[in-house]
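Following this line, the structures themselves.
Same chain, two partners: subunit A is paired with subunit B first, then with subunit C.
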Partner chain A sequence: MKDKNIKVLLVDDEEAFVDTLANRLKLRDLKVETVYDGEQALAAVKEKEPDVMILDLKMPGLHGMEVLREIRKTYPKIQVIILTGHGTEKHEEEARRLGGFDFLKKPTDIETLLGKIKIAYKEKLEKAFSAIAFAEAGEFDTAREIMEEENDK
Partner chain B sequence: MDIEKEKTLQTLQMRFIGKILSTYTHEMKNHLAIIKESSGLIQDLINMGKLPRKKKDAGPFVSTLTAIDDQVARSTAVISILNRFGHRMDNPASTFDINEVIEELIVLMNRLAKQKRIGLKGEFQREMPPVHSSPYRVQLILYTLIQEKLGALDVDGSIVLSTALRDGSATIRVYEQGARRPEDQGQDVTPRDLFQYAMSELKGEITYQTDEHAVLVSIPLTE
Partner chain C sequence: MKLRPFIDFLKSVITFRPMDTGADFAEMRYKGLKRTLVFWMSVLTIVPLLVLFTASYYWLQALFHEESRHELAWDIENAKNQIEYFVDVKISALRFLASGHRYDQLSDQQLLARIFAAFKREFGAVVDLGLIDKHGIQQSYTGPYNLQGKDYANQEWFHKAVTRGIYVSDVFLGYRRLPHFAIAVKQDEPDTDTFWILRATIDMETLNRLLSSIKLDDADDAFIISRSGTLQTSSQHHGDVLEQYAVPALLRQRGITILDLKDDAGRPYVFGYAFIKDTSWILSVVEKSGTRTKIAAVFRAEYFAVIAVIVFLILLAAFRMVHVMVNWIRESEEKREEVLREVEHATKLASIGRLAAGVSHEINNPLAIINEKAGLMKDILMLSENNVDREKFLRSVNGILDSVKRARTITHQLLGFARRMDVTPEVLDINDVLTEVVGFLQKETLFRDVQVKQNLGADLPRVKSNRGRLQQVFLNIINNAMDAMEAGGRIEIITDLKDKSTVRARIRDSGRGMDAQTLKHIFDPFFTTKGMTKGTGLGLFISYGIIKKLGGNILVQSEVDKGTTFTVELPVDQPVPTIA
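== the complex of A and B ==
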């Protein structure tokens, strides 16, 4: 697995934070795009098709939780990691219930974040590969179940 | 003194302080995250041997260091305002500049307004004489009126706090600019009798200009 294949979308209204974090992830060979609110995030996923989204919760306009809900419904293959300064246990529970991959609190360590991104990407690939493998073996029902399970997440 | 009303006001005051604290600890986490990522970026560049050999190549370093400086300045400004806000409660009453107290509240509530994409601004009459009153109770009343309007206004609207000198009192008019959300065309929800009581205890008045969705608060000047 090569890190440079991982496409990440960073979503946060703190522009200085997003831009600096994007630079650090790019130095680690990831493909990174940035947007500064929830509406931009929903528009960007259609065009950029990221593997992993790093999503803030409290932003002007659309709340991060609404963005997560919409992503799980329309683009279920995108892995969403919440990264917020507004991280209560209630928020974490809700994010996980909605299908968020992980929940991190600001300020976080870059290596921790990078590790989570890689695990999220790996899990996404494994799901896709196992569905393909079952399909190639002619076990279409199982392949479909895996895809549907992923879509329901 | 009405004990029940005082208790309710104290509860509202605690909620107000809690809201401001939670908003600004969140803000501070953002500031710290920017500082952490900026210093991390410089460490990354050093570790990767990307140190600039010439001054003309130092642009990214300088801009990252400037970002750290800017964040420290932002954090210092927020902490100073919070500190002043905390000290407003040192005494039940004090002599203060009403414009300063409102300006402080606007800074403290700016993030809440920004989240809803609503503007919050002051129109200050210059050289207002000082008032002798309870600054934290005045802030509580204005905070509640602003919160009510944040819940009612549509995006891109504004809330204005305008000060003036009238009939021996300092007046603050809280009014709206822009449309209300369709689902929020109903009555204002501020506990009016409670605030009438609070203002009468301060020897002032609160007048609801319902047709204009505005409220006028009057506080007597220092004698």
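== the complex of A and C ==
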């Protein structure tokens, strides 16, 4: 089962929430790491190289939007799903503009979240595979284009 | 003129702000403003006008005076000419007689009587006629007395007639005790180197008639005096013939002289005089009535009527203009108040929106926790069949209960806030309000990493104010302080007693501060440094209005890069009694 390979990073200042959600996702066979603010998130990304990041917006210190911006710049392959209790349309718009994969409002159903994570992972894999496929076929420019397109998103 | 009320009035116009006060008070202020405006408008227009009118009135009177003097001079000149002519004619007639007859002819009493009869017929007013030889003896005489042979050698007039050739005497009481004067003409006989004198006595009646040609009022007088001041004619008010008149010091002068003098009682009068040629007489006019010099009563009445009408029209215009003006001010003030109310309402709505967003975040978080905990419990039940991990299960239940408590705190706080939005004045403790506001912002300050230090004065008197409004103001000021700071800033809140009737709250931040230009506009509506998306520029404007409405004061001090201090001063409910 390939879901076992999905590495998820949870970023939220509400520890009770993060820990419980991590538990539940683990029960669903995901590899889950938890951090409690933006700075920790950026550090963990480097170390753990997650496939999907679940990111809160309003946190002490670095704001979720800033984290998103930074991630898209440095680790464009990571799919970021915003999960916030402060979700206005303006925030959603901005998050999508910055390249967030999806925007969810707290509280959210575990199945919905799981579904989004899986889609995000699948999309990530597809992109990587297609890039690899092109690269194997010697179409390095196209492979690079796919990666860069991801970058620009 | 007192300047003080005028300055106060200007101040009241400049700082006129009826919206600061209640409707009744505003109405009173409008009335007061109306009164002052009418008063000053009237004063500023009527006073110069009256000055102008008075000046021109006196100028006119002076003109009248001058004109009347000319008229008087003209009358005097006329009378003088007639009197001179009268005397001249008599002299000429005598000279004609003297040169047309020889001495021996005139010595004949009968011939002299015939000549006298003809003379009297032609010229009238002659009383007698006499011939006097060089020794002063009257050789022949015709008239009512028997004066033949009378010796005049020692009399003054004889000597004067001898030296001057012609002599006109002063007036004396002659025939029938009537005033007369005498004319003497000297006739030289060059052949025999001798001379003789022809003398006639003239009745004053004609002169009296000539004097009456001068137009005079009852109080006035026209008469002739001798150079020594003896009245030559009778006068109305200054004595009879030959009585003495107190002559004002006169100078011999050609032509007519008009003098403005004062009598013994200090009353002004006009004295005009002219010397009569060939005589020692002075034609004098005393004008005490002033009829000529005064402006006619009819004209004066018209003049004052015109002034009264103009003043009335000015007052009418002032009232009308002020009425329109004050109404205009009132309307624009009311319109402004209306707009302000709408703006205040709009900001209230905006702040409610912000509040709602903040609240939903605060509620959503515990809800999310509950969601996950309950979800986890379900997961456990589903996955572990019979041997449930009781420990883990209980932790989740407690987590849910904690989150419910958290959400409940928020909703209760919100209810409290909503209740306090009403506007009825209440007596409250400023420290309570500040503590509440800080409590409400606790999450925000934690999130922004801002340290809030409260330094609240103990035993502060309570203030009469409005909780909701005051919360709004402090919320605004503290929010601004947080916006002005990077993470790690400090906000200090200090309350103390400024004086015995004022409680003071100071909110000091360590933010980036403001320059003088920004400070100047800080309370202006729609002025914001936060950019259009973040600030409406109405927060401090509304806060200012609220504090003013609560009878307080709001001040700001700031220094760039050092921080800003807002000071809110509120009146205490009852002044603190001074401790004896």
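Definition applied: the second predicted complex is superposed on the first by the 152 of 153 C-alpha atoms of A that agree within 3 Å, B and C clash if a C-alpha of one lies under 4 Å from a C-alpha of the other, contacts with A are read in each partner's own complex, and residues count from 1 in each chain.
The rule is simple: a contact is a pair of C-beta atoms (placed from the backbone, for glycine too) under 8 Å apart; a residue touches a chain by one contact, two chains touch by 3 or more.
Remember, predicted model here, so these are calculated numbers, not experimental data.
Do subunit B and subunit C fit side by side on subunit A after the overlay, or clash?
Clash: subunit B and subunit C overlap once superposed on subunit A.
Contact-wise, after the overlay, does A:Lys7 reach subunit B, subunit C, both or neither (first, second, both, neither)?
In the superposition, A:Lys7 touches no partner, neither subunit B nor subunit C.
Thinking of the overlay built on chain A, is A:Arg72 touched by subunit B (first), by subunit C (second), by both, or by neither?
After superposition on chain A, A:Arg72 lies in contact with neither partner.
Touching A:Leu21 in the superposition: subunit B (first), subunit C (second), both, neither?
Both partners.
After overlaying the two complexes on chain A, where does the subunit B footprint on subunit A coincide with the subunit C footprint?
14, 16-17, 20-21, 23-24, 27, 58-61, 85-86, 105-108, 110
Given the complex with subunit B, which residues does subunit A contribute to the contact?
That would be residues 14, 16-17, 20-21, 23-24, 27, 58-61, 85-86, 105-108, 110 of subunit A.
Going by the contact rule set out above, which residues of subunit B touch subunit A in the complex?
26-27, 29-30, 32-38, 40-41, 44-45, 48, 64, 67, 70-71, 114-117, 155
Going by the contact rule set out above, which residues of subunit A touch subunit C in the complex?
14, 16-17, 20-21, 23-24, 27, 58-61, 84-86, 88, 105-110
For a test of understanding, state which residues of subunit C touch subunit A in their complex under the given definition.
357, 360-365, 367-373, 375-376, 379, 383, 396, 399, 402-403, 446-449, 487
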